[in-house]
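Structure in structure tokens, see below.
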Amino acid sequence: MEKHQTRLRVRYAETDQMGVVYHSNYLIWMELGRTEYCRARGVRYRDMEAGDGIWLAVVDAHCRYASPARYDDEIVVTTRIALANRRVVEFAYELCSDTGRAIATGETKHVFLGATLRPASLPEKYYALFGIQS
Amino acid sequence: MEKHQTRLRVRYAETDQMGVVYHSNYLIWMELGRTEYCRARGVRYRDMEAGDGIWLAVVDAHCRYASPARYDDEIVVTTRIALANRRVVEFAYELCSDTGRAIATGETKHVFLGATLRPASLPEKYYALFGIQS
Amino acid sequence: MEKHQTRLRVRYAETDQMGVVYHSNYLIWMELGRTEYCRARGVRYRDMEAGDGIWLAVVDAHCRYASPARYDDEIVVTTRIALANRRVVEFAYELCSDTGRAIATGETKHVFLGATLRPASLPEKYYALFGIQS
Amino acid sequence: MEKHQTRLRVRYAETDQMGVVYHSNYLIWMELGRTEYCRARGVRYRDMEAGDGIWLAVVDAHCRYASPARYDDEIVVTTRIALANRRVVEFAYELCSDTGRAIATGETKHVFLGATLRPASLPEKYYALFGIQS
């Protein structure tokens, strides 16, 4: 499956007193990767929520930290779908500096929820987005 | 009007590479002050939202920084109501270390919104909470 | 004095259960405005810290909220210097949606600190950046 | 090995527009668990950093989300050490509501770094804290 790349600039607010990025922020950067992955395939995630009442709830998140990101670094987030079906989607991420230094890798697993935040089956119109066979 | 005090412990995540607390976190601590101010007067703010569809939307926030807070410091947030009527409430805050060192002072001004996030008049049952005369 | 504009995309993590951006995040967006203001004038703020041991510590922050920003909105941050001398610099900000809707306005005041986080006088090489007359 | 419990109250700032806690915040709560685990055993983590120049850098973080935490919920974080030696320590966490509902479980793995953020061997005085045999 195809990969998608997006870039972000490290914010001062994201650093901690160790002088590097606080580790929970990487999960937020993965969220940016997912959002832009969808947008690049023609879907705004906010329209899935607002238009179709479909929510992607995180059920598992994992991050391996290779080397620290620092304030003002430009970070490249590479996002791909590792697994997807009507119930579940798993994204995989690689975070690098703009010079190619490995920062981190990770995965997040999501279930699809309906408007009342109960498990839902993904509408067929989104199968192509996640690479699910009809 | 009476003051209310609550305490919190500075989190590592709240520091930045200057080695002190990042300045936007003080607004979050003021939120803790408001929540506990209400609880001490018998009202859970979440019940105002969930039960009565009343939301306090911030329209103005101001913070003056006196001396830095650091990781693991215990902070005392003193909260009082500076002004209140059916449309608007203003909270004032003093943030100190547990040794009495001044950290910051600030104010937040809020309007009451109804369920569709439009301006609403505060229900009378909450007048006492904010010290509003009927 | 000249204004500088930078753009950002609202993150899911920045919203709260009111369905809009949590108010303390606007201070972080102002930080992005400052950083990019400096970069556009040829100075990386991180070099001021790392190279010259000069830190801009926030001593006052004020934000007026006009209308809510929402997830995935594109926000334009317009930054200008309101006041500057060897000891103090004040930035002023306007936050708008990309359709021109006013989101917020604000100001942050900073003092220059040296390596031990004590008040310092700004080195002359940075006078031009902040529009200070020699 | 012994477990340690600490409690925290969910902040409004920690929620997102799904109406529940944004998932990266659980990593911050695990940090609170670690800090209080150490304090309960007589060690302030900040003294390890400031006094001995020893830093615990996260190299791996994993979280499984069982059910959502919500604003104003009281959360119980149970922390234990899963593995420790001179180079590495791994913490395991259980997050529950105060009514015993499972919120999440997770692990973080850390390496010890010295003052220049290079791998270091843990000083013997901290062996007891982490349950390492001399």
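Think of it as A, B, C and D in the order they're written, each chain with its own count starting at 1.
As a working rule, a residue touches a chain if its C-beta (ideal position, glycine included) is under 8 Å from a C-beta of that chain, and two chains touch if they have at least 3 such contacts.
On a predicted model such as this, the values are computed, not experimentally measured, just so you know.
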*Which pair wins on C-beta contacts, B-C or C-D?*
B-C
_Measuring between Cα centroids, what's the chain most distant from chain C?_
D
*Centre-to-centre distance between chain D and chain B (centres being mean Cα positions), rounded to whole Å*: 27
_From the mean C-alpha coordinate of chain C to that of chain D, what's the distance rounded to whole Å?_
33
_Centroid spacing, where centroids are CA-atom means, of chain B and chain C in whole angstrom_ = 24
*Residues of chain B engaged with two or more neighbouring chains*: 12-13, 17-20, 24, 28, 71
*asked:* So in the complex, the part of chain B that touches chain D is made up of which residues?
replied: 9, 11-13, 28, 31-32, 35, 44-46, 70-72
*chain C-touching residues of chain D, taken from the complex the two chains share*: 12-13, 15-20, 22, 24, 71
*Could you pull out which chain B residues touch chain C in their complex?*
17-20, 23-25, 27-28, 49, 55, 57-65, 68, 117
